[in-house]
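Before anything else, here is the set of structures, which you'll find just below.
Shared chain: chain A. Partners: chain B in the first complex, chain C in the second.
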Partner chain A sequence: MQHMSTGERVLRGILIALALIFFLFPIFWIVLMSFQTNAQILRIPPSLFFSPTLENYTSLITGQLKTASGVLTLNFMQNLFNSFILSTASVALSLVLAVPAAYAFARYKFRFSEDIAFTLLSFKFAPPLLVLLPLTIYFQKIGLANTYFGLIWVYQLITLPLILWIVRGYFEDISPDIEHAYRIAGHSWAKTFFKISIPLARPGIAAAALLSFIFAWNNFVFALVLASADKQPVTVGALAFVTASGIQYGQIAAAAVISITPTLALALFAQRYLVEGLSLGAVKG
Partner chain B sequence: MTASVRLDSVNKIYAAKAKNPIYAVRDFTIHIEPGEIVALLGSSGCGKTSTLRMIAGFEEVSKGAISIGGREIHKLPPAKRGVAMAFEGYSLYPPLTLRQNIAFALKSEKLGSAETNRRVEEIAGLLELTRHLDRYPSTVSAGQQQRASLGRALVRKADIYLLDEPMGQLEPQLRAVLRGRLKRYLREHGLTAILVTHDQTEANALADRIAVMEGGVLQQFASPADLKEKPANLFVGTFIGEPPMNVYRVEPQIFNGRISLRARGEELFGYEPGTIDDAVVSLLERRNALVVGVRPADVAVSPLNGARGATAKVVSNQWIGDQTHLESAFGDGVIVATLDNRFAARAGEALAVDVPADKLHLFAEDGTALAHGRSLASGGAH
Partner chain C sequence: MYDQERDLIAALAGHRIGRRDFMRRASQLGLGAAAMSGLMGQMASSALAADSSFDWKAHKGTTLKLLLNKHPYADAMIADLDAFKELTGMDVTYDVFPEDVYFDKVTAALSSSSSEYDALMTGAYQTWTYGPAGWLVDLNDYIQDSAKTAGTWDWDDVLPNLRASTSWSGVPGEALGGKGAKQWALPWAFELNSISYNKRIFDQQKLEVPKNLPDLMETAAKITKDVSGVYGIGVRGSRSWATIHPGFLSGYVNYGAKDFTVDGGSLKAAMNSPEAKTFTADWVKMIQESGPKNWSTYTWYQVGNDLGAGASGMIFDADILGYFQNNGDTKEKGNIGFHAFAANPDAKEPTPNVWIWSLAMSNFSTKKDAAWYFMQWATSKEHDLFGAVKKDMVNPVRQSVWDNDDFKTRIAQNAGYLEQFKASEPGAKIYFTPQPLFFDVTTAWAAMLQRLVAKELPVDEGLDQLVASIDDQMSQAGLQ
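What follows is the complex of A and B.
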């Protein structure tokens, strides 16, 4: 970073600008779309100039969608709430289960420990639809279909392996002797875990929680199959904008803006942890 | 407070169920008196840290028993063993300052903050850390971290103190100062300590007894003087002492009572009748070959003209500030001699080399000691 010629600096600026345009343009376009009516969006050629409207947002919030063929009721706010419940609860449950498990995998080599850890990770590789079909049948039999509890349980497939593997790496990077020094001074294993190990792995735990929250939030297929309207998250709820009288692009864009806002806010808030988490160096040794 | 320590046939086997189990410590037995300071000395990987970790409770004892103050502890959790330890890798807690790290060790003693502070300051003063107390581990040098880690161990009240290379990172001057202070502190409080070190000077200066280990096996457990004068085997003989002992495989020949120790037909050391103890002579008579050890300080060199001894040719002659190191071709190898004064001899010059009988160390071919020094010369103490 220190020794950069002017040429290198200019080149770097150009590359960063290109990357930003490439990644941010779709988001920028969606934000613009969310303030336009369907007619404005669909005009040819498209234009950057229009008189903005809040209609898309009001119809989402009030749940009244006016289309050419009349007024439709929308569940968007309920969907948003569902997304929130499902993601938060899934991550919370995964943290409770996976953080101690990650610690065990990091610290103790027991019979089949590697196999168990890998099996858990492999849940992430499995095509979800393969799991879903039999799962749907079981869930309907035991009454878990279309319940928050059932969905949160299935969401563990997304959140738990992720947290387990990320946090395990963090625990492995903490010298066990830091814990030993505390234990030898008269403290129990459990106290050491909560007072020393967890605080040291906190950046990693935060990063893992954030990532798995985003994955859970963005999940589509589990909720599509296992939940009906009142339990569906925004990802599935957005299907409602594909109506008999056409696709409601404006509302889709507004819904997208509203639904990425929480994850975006979370990412910005947790940025410090993420950066800290990725530069764990200070903890080692 | 201060307690005895016994390790009885302690074994540590890593990866016991794997194809290639690692025998880190084998049948290790030592009994340490209350208030005694013991050093574990041995080359890297010989099982010193493993031994300490078993005493502290971070590694299971694969076989054997450990007791502290007569209480068997090798099945107890670390918190119940009454042990303090300074770790090889310092292992300070990064979010806390050095002061907080040291004070943290006192948490379970539930002292008032004034008393805690007094103890922390006392230890910090002892270890020259006072100025750095309010800094974080990541912002101080390795030597400062190491001293904080030592302080964290010493500040506690424990039955025994395990110090794993507590001063390895320090420069010689500070190390010498702290060595003296550490010893005084341990003695004043009558503390039992086991310390691991690679530094023989440190072991000699600090320890009442030294346990020499190699390949997980205890070679000898004795006072510094005994290790030097009566090494139990060839390994200890060559491991202890700087520069190391000269060793030669020789065949003894006895002719008219004169003893000649020869390598490839050439006499390296010769002894007139009556200079060597009768028991040792009869021992030599029974052997075809044995190993002779000679410490560099015990080698007498003199100009060739008529002096007794075998001939050696100087290879190098260095004055290292307080000693002469003289290396000469001798037999089919070399002999190193150290002298307290400067010695005028050029490379290539021939010298007479002699070692008095009461300075010899004799070992069997398998390395076990046969006879040492004075007990070997006739009229010497047995």
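What follows is the complex of A and C.
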């Protein structure tokens, strides 16, 4: 192993610090903004020094925004709850459907298997607006418009192909010999799948679930078109702070901090799986 | 206490006391601002209910659903909604969507023939698409039906240019409000374009408010040169229809220029007429010399923020944009002044283009008659006055509100606002030629303005290219 000289170490430290500042400064600035009033944020020139206020967070959590012309109602916490429900349930449903499917595509050769797998992937290529209007009409006819169930169903367009294709790659990387050995020992197919295949593929499944959760969390257009205001996620709800009478920068920043918290926490928690799962699934021999 | 409140409301509704007396006596009863707002709403419903020839309870028990944009006008209506419920016995639910995505939601709901919403907020330009497509109800049928419309509603009290600007025959090129025009929407509140300026800076620099475009260019250049960190004039510049419709079009038509010439149903782009070239050349020069540095990204929000933060000396944009900066949580609160503006030195009066937030009825509603009751109430004198006096429902669309003393007292806190309105209002209307490619044409127009300001093309050549491109689009759409 080569030793780095002091100069190289210093240079490396500086470069890492610069990269960190470059990537983290916007987030740091948003956090600072979330503790300032609009007037403080819009000061010219901007300043790092201010008297912090919790007013933005209080408004979001209580749902009451005090303005010059009275108290306005905010639905941000409802939006946050909606995002949580839609993303979690969509990913859970996709895992139930896509993991066995991915296993089947990876392990068995059957008629039209590649065509079916590609069709499922092609859902990711379709522009959402292309499918949304017909879906709106169908949903209204069958009573699924403006329901969580209907939205979770549509969210499968985002989460299902992603999980299926990442996990399929992962299953293909695991040698089938281990499964064969377990089957020879007299265990059923189902038991092999649950006891051997899934535990071995867990990093890949976790990475795929996390990624699809982030995609689902960031989705904007499905709920906007298919549901009423009370089912909207944070991505739509956060725009409510941009009104004709002004932009509530402080509340937008506080909303951004609150809304990235779940995905950030999940990403930190699953960081190990994410790197391992993505790199193993992506680099196949 | 309750009896005293009730008697007080009854006295006002029965015109036994004036509004000023009402306010004084309410304050003697120890009623706070919130309670006063509630009382005003109740008073409004009592006054409407006093019209005994009209049965406001005809649709009692019906529930309506509204599609609303997150806007001070919608907030004002929601604050007063209990008054409507009490007056009619109906219930109202609503979906409020942010403005950025609002029209996507409206288009999706209407194009899918959804019966979910009974009434909705819309701009007048959008009705040029929604109306002829059969998505909206022609409200003339209701307005002219005395059985369905209260005598006290008084349609003629709504400013005539706004009534005309929200009605159109659907024939491309035919004048708004002309013969056979369908009333696609009811004006709710609106904005016209004039100068909002920073009085503090103008006083410090001993500047006069500009009266025309050459004057404006000179004043803006002086501010940019003499006031550190401040640029002269804020106008919009993003690649969007919204760049064309405020100050730009208001000045453009003041020079006698038009967007199209109409000849026997054929629309010919006219952005390269001599008048259009003269005005556009000056406009482009003004932005290059005294506009914001990243003008091509400027929308309503940036123009307003800069004025409120003291980063610009003035704006030529919606009067209510200046109003919100003057009354909101901004650094320059109370420092903004207002002035009418005729860009052409030879023009007799200003010609501000307008944006009108309006209420329309979905053609897919299954409760149209009940929806009409809501629309009547929401555009009534009483609610318009409530919104204008107690909330931020400016500019009101009714003459009676502009004549009201309480409203005048409130608006007088904004220096020059009433005067600019009086000078601008006679010429304030939509100056675009109504046609179905409105958004495509205006977006292309804004894109060309960006190229001209960036000096990619000389103004004459750029406008000739723009006309050729728009004529091509019109021809392909069968409009030539």
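By definition in this document, the second predicted complex is superposed on the first by the 259 of 285 C-alpha atoms of A that agree within 3 Å, B and C clash if a C-alpha of one lies under 4 Å from a C-alpha of the other, contacts with A are read in each partner's own complex, and residues count from 1 in each chain.
Criterion: a residue touches a chain if its C-beta (ideal position, glycine included) is under 8 Å from a C-beta of that chain, and two chains touch if they have at least 3 such contacts.
Since we're looking at a predicted model, the values are computed, not measured.
Colleague: Taking chain A as the common reference for superposition, should the pair chain B and chain C be classed as clashing or as fitting?
Modeller: fit
Colleague: Once both structures sit on chain A, report the angle chain B, chain A, chain C from C-alpha centres, rounded to the nearest 10 degrees.
Modeller: With chain A as the vertex, chain B and chain C sit 150 degrees apart.
Colleague: Which chain, chain B or chain C, ends up touching more residues of chain A in the combined arrangement?
Modeller: The larger set of chain A residues in touch belongs to C.
Colleague: Please indicate which partner A:199 is in contact with in the superposed arrangement: first for chain B, second for chain C, both, or neither.
Modeller: It touches chain B, and chain C stays clear.
Colleague: Touch test for A:27: chain B only (first), chain C only (second), both, or neither?
Modeller: neither
Colleague: Just checking: does A:96 make contact with chain B only, chain C only, both, or neither of them? Give me first, second, both or neither.
Modeller: neither
Colleague: Going by the contact rule set out at the top, does A:15 touch chain B (first), chain C (second), both, or neither?
Modeller: neither
Colleague: So in the superposed three-chain picture, is A:229 touching just chain B, just chain C, both, or none of them (first/second/both/neither)?
Modeller: In the superposed model, A:229 contacts chain C only, not chain B.
Colleague: Can you work out, in whole Å, how close the C-alpha atoms of chain B and chain C get once everything is superposed?
Modeller: Chain B and chain C, overlaid via chain A, are at closest 47 Å apart by C-alpha.
Colleague: Where on chain A do chain B and chain C both make contact?
Modeller: Of chain A, no residue contacts chain B in one complex and chain C in the other.
Colleague: Give every residue of chain C touching chain A within the complex, in rising order.
Modeller: 33-34, 37, 70-72, 75, 79, 94-101, 104-105, 108, 111-114, 116, 229, 300-301, 304-305, 308-311, 320-321, 324-325, 327-331, 390-392
Colleague: Which bits of chain A are touching chain B when the two form their complex?
Modeller: 175-178, 180-189, 196, 199-200, 282-283, 285
Colleague: Quick one: which bits of chain B touch chain A in the complex? Just the residue numbers, please.
Modeller: Interface residues on chain B, with respect to chain A: 56-58, 77-79, 81, 83-85, 87-95, 104-109, 138, 149, 152, 156.
Colleague: Which residues, counting only chain A, touch chain C once they are in their complex?
Modeller: 37-39, 42-44, 67-70, 72, 132-133, 136-137, 140, 145-146, 220-221, 224-225, 228-230, 232, 236, 239-240, 242-247
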